[in-house]
Amino acid sequence: MNTHLDIAIVGCGLIGRKRATQLAGGRLVMACDLDRARADQLAALVPGCRATADLGDALRSSAQVVIVATANHALAPLALAAIQAGKHVLIEKPGAIRASELETLAAEAEARGVCVRIGYNHRFHPALRKARELIDGGAIGELMFLRGRYGHGGRLGYEKEWRADPKLSGGGELIDQGVHLIDLAQWFLGDFASVEGHATTSFWQMPVDDNAFLNLRTAAGQTAWLQVSCTEWKNLFSLEIYGRTGKLHIEGLGGSYGVERLSFYKMLPVMGPPETTIFEFPRGDDSWRLEMAEFLEDIRLHRTPRPGLREGLATLRVVETIYRTSGYL
Amino acid sequence: MNTHLDIAIVGCGLIGRKRATQLAGGRLVMACDLDRARADQLAALVPGCRATADLGDALRSSAQVVIVATANHALAPLALAAIQAGKHVLIEKPGAIRASELETLAAEAEARGVCVRIGYNHRFHPALRKARELIDGGAIGELMFLRGRYGHGGRLGYEKEWRADPKLSGGGELIDQGVHLIDLAQWFLGDFASVEGHATTSFWQMPVDDNAFLNLRTAAGQTAWLQVSCTEWKNLFSLEIYGRTGKLHIEGLGGSYGVERLSFYKMLPVMGPPETTIFEFPRGDDSWRLEMAEFLEDIRLHRTPRPGLREGLATLRVVETIYRTSGYL
Amino acid sequence: MNTHLDIAIVGCGLIGRKRATQLAGGRLVMACDLDRARADQLAALVPGCRATADLGDALRSSAQVVIVATANHALAPLALAAIQAGKHVLIEKPGAIRASELETLAAEAEARGVCVRIGYNHRFHPALRKARELIDGGAIGELMFLRGRYGHGGRLGYEKEWRADPKLSGGGELIDQGVHLIDLAQWFLGDFASVEGHATTSFWQMPVDDNAFLNLRTAAGQTAWLQVSCTEWKNLFSLEIYGRTGKLHIEGLGGSYGVERLSFYKMLPVMGPPETTIFEFPRGDDSWRLEMAEFLEDIRLHRTPRPGLREGLATLRVVETIYRTSGYL
Amino acid sequence: MNTHLDIAIVGCGLIGRKRATQLAGGRLVMACDLDRARADQLAALVPGCRATADLGDALRSSAQVVIVATANHALAPLALAAIQAGKHVLIEKPGAIRASELETLAAEAEARGVCVRIGYNHRFHPALRKARELIDGGAIGELMFLRGRYGHGGRLGYEKEWRADPKLSGGGELIDQGVHLIDLAQWFLGDFASVEGHATTSFWQMPVDDNAFLNLRTAAGQTAWLQVSCTEWKNLFSLEIYGRTGKLHIEGLGGSYGVERLSFYKMLPVMGPPETTIFEFPRGDDSWRLEMAEFLEDIRLHRTPRPGLREGLATLRVVETIYRTSGYL
């Protein structure tokens, strides 16, 4: 039973508020934001939750778990403070703006014996869970390669948002949506031994990338062929996974990305058109709740969260390689 | 009027027979194949057409135009003989198995003043013609990048076909379907200044590639992000073209590739979801006839065919770079 | 300019609140509901709007226009009072629970010289406007017949809502969603000379219909073949219109009904597969605002609203015929 | 084992030739057609098969089974002769042009103890077999109603084909494609106690119907709401089956009707959007072979074929009712 764990949320914006409603039995005791009004607003949603603008206050609370849900640049420093205060921490993706920050967190977390999870919630989307289950059951055989495309079309003024300021965001589209694709790719294929590709700023008047193209390969030669874009005028999520005996295609994430669906193409020994079964998930996405439930279970079992600091670090190293290659770092 | 041009077909397999029915007013006078029975079979389709197993016979005929439709390795040598005999030549894609062969053809064609076209018929598919027309009309603004995916799932015994023998084919999936994507990419974006990527043999037991991943960039920094596969279990053709004010998405080529369609996503100044219009082309593909009509017109106007040797050469250079990088050459 | 018209809303539930935000330049001056709290809530949305639980109060206000947005049984009595007070009235569909009530309203409206519109907003959905425009332009030739399907899957407790109580609703699915299909059918085909069909209660434990099947025919023999359901487990809107030279297919209404789209199938003189163009409308539905703008224009021009009492009456007569045939009346 | 049954085909047109390749182990011994050339052509396809223009010849052969695959008007007379010669008979749908003919066949078949099947092959399409299996397994609960739409767009000269001549066809679209929908409807819902609807000639200049609208109800009040058309410009097959806990939707029949698919919408106890699984059948349709296998098994087991004369009769009675109502009879 996880119901007794107390939770503090640091960063009370959109994501923080979303987390507050998806605590999977955890009890929200503190809402913390430099902007006290936002903290108050979030605290008002949950009986018994206090608001504060003072991180120390939050860390001195009864919370055993801290969720850090701020703009990218503040993620790692806040998480570090929480770890040093002995808290288990869920840090929103990408966890930090530089890989080296996650190394520091890893060392501290190990020293304190606390669990740290990175909030790559896409792993918990229903189509992706189903894909994982099919692959683990051998449905498409040994994996050969995958293709991922992910993007949105921005919005008026996008180039003026915090995401467009590298000091706050650490980068553009690649560190925003791209990290989800990298994380999913390594979930399915494992570690990448080779990183090629580039990022560009093609449209938005901003000093960070709006498109990135990634060619990642495992030691065994499996390719993750990924492209992310915030000039993807029609919102898109697509992940195609190829095994020796079939293909899985995940599309949509609900809402403006379209109904989430998984298409399963199964080759027959005689070859020809594959047997096709399509699973649709119109009931929405419970990824946030499931991710938190998994984290509470990690804590209960003293288990290393996956994706945790190790996976988050691998992802940020890919990002840094591309940014360095492309002149953004 | 092109109706007076006489045509010889060299290579009477599947493609040769298809060409014979799509001559756009040209008159088939000779069918030539080392396998005389196949030549006879094709000649029987067209009143007044003679069959031969002797290339010299075909080249001494009244034909002003020769179509070379053989396995890859014979394309360039046969085209060279035809050019040297003063014929205009349509060579099926890829035109040769090595770029250097096309250089030789180019020099000879220039010397003789004959027209040479490479049979990249995809440019004449209805969705691609419509895409070209929309782009030329400014419908999506200046182009930023494109993504192409093309593939099929092979068939039993695929690894034993001539395409799997590098001496006959010059390579695998990249030189087979991949060249279409490269040709389309350069049609839309122009010349590529940078070629990265790799080819792999992931599934089929053959000494050529079954998958290729291409990252091509123009001098202006526009990326063509291409992937081709003959482990694409569900047949697929997809080309997504991104401009500053919209996106075009071509899918399907008819038949087992699905209904050919073009989706046009037009951004509004207020942004948000794009205006969407989808054109479907269920009436099949008249690309072969239109391509031939264009070639007859090239000849009539003494016009350099496009795509001709220049474009075919550029495409094969991309192929060779990837093959060299990946250890196939 | 319609900006000077003052508007009162009577009935401050979901629909009333939606209307309040879509007044197309009209100014909301009164929000009236028997439940004063709901009236207050709505009034609070609009500066200068007063709340009242007293209809007389609303009718004595400066409002020249009254919107009646209550449960079905109250629509006609409230509209009658408004008409008698000399107001122009927009009554939500179906306008009344019995046709005879609309006859009374028609007589009074004529006597007072006021405009009365029935809120069949579906006519203003973008795909339906586009369909109308194409048909008026001759795109599919003379109309032959149409098929309509419309439905939803209810929700837990649906049989206990006011819609399930015939005293409040006047009937079930037919008088709820069915009237939209009937109204659209008569918009495209004209008056119906023959009414056949039946309604059933197949699933929900309620004294009203949950499914209705309508076979309506014009004097010229064009059929409207309609089916509506609140056991339509996957929400559905589909209207297929057949002309002598093409077909239009409207699907989706946004949200849980799927993206709104219009498919246009155009026959060529040679026949075979039709030329196909699909228009999607992902930007949502501005039908409420456009309907109100049209009504304000009706008033300005002293024009009979369409659909008005005449069309609303025709629709309710179809409903009554089916209900009588099926034993609900 | 059925491999020893000898088969004669009477009527060597398109359908006869198709049957010849789908005999499920039966051995074709005779091909019979008034047009001897067509008989020869079919016989040439099968080693050991003889051709004849004389029915008596065919009936005196070793064939234990006769397939009657002619224009509608000749089906019943030829089947009668075959039955009287003691043969088991598969008659193509609709089996006769009038119900009374099937009554005669039924009496004779019973007297002779032979099996008679009507070739309603749609029951053997993969999506329909899967639908039947799901329904039998309780996947969507007790059936409430179904909707069927089926049609094509004709072709140039359609009004001059034999199908347009009531003496040869017995009627138009209703007796052509309509009977398939009626047969499927009764397969799922059982006998119809009430038959309403009408047929029309809306487009084609012919004395038979090109559209029919059917409202069929079982004694238990389940509705089959069917529409068939040969002015269905875009070829369409759609059957929607509603149960108390879900919906099945069959679409497409392959080829120009689109990929065959079955969508399964399963309601959850909490209601809301249904769980959705879509099965696609891109490998084509083996309905003809499966139907013949079933018939050979009927014969082996002395089992009454279903659909046989009883079901064929019920279907033709529906047709006659509609034709009488609509003035075609």
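Think of it as A, B, C and D in the order they're written, each chain with its own count starting at 1.
Just so it is clear, contacts are C-beta pairs under 8 Å (C-beta built on N, C-alpha and C of every residue); 3 or more make two chains touch, one makes a residue touch a chain.
Being a predicted model, the structure only gives us computed values, none of them experimental.
Colleague: Which chain lies the greatest distance away from subunit D when centres are computed from Cα atoms alone?
Modeller: A
Colleague: Please work out which of B-C and C-D is bridged by more C-beta pairs in contact, and write that pair.
Modeller: Higher C-beta contact count between the two pairs: C-D.
Colleague: Based only on mean CA positions, could you tell me how far subunit A sits from subunit C in angstrom?
Modeller: Measuring from centre to centre gives 44 Å for this pair.
Colleague: Round to the nearest whole Å and give the separation of the Cα centres of subunit C and subunit D.
Modeller: The mean C-alpha positions of subunit C and subunit D differ by 41 Å.
Colleague: Cα centroid separation between subunit B and subunit C, in whole Å?
Modeller: That pair's centroid distance is 54 Å.
Colleague: Where in subunit B do residues touch at least two different other chains?
Modeller: 272-274, 276
Colleague: Which positions of subunit B touch subunit C when the two form their complex?
Modeller: Residues 272-283 of subunit B touch subunit C in their complex.
Colleague: For the complex, which residues does subunit D have touching subunit C?
Modeller: Subunit D reaches subunit C through residues 144-145, 147, 149, 153-156, 196-198, 200, 202-203, 211, 213, 215, 217, 221, 223, 225, 227, 229, 231-235, 242, 244, 246-247, 256, 265, 267, 270-274, 276.
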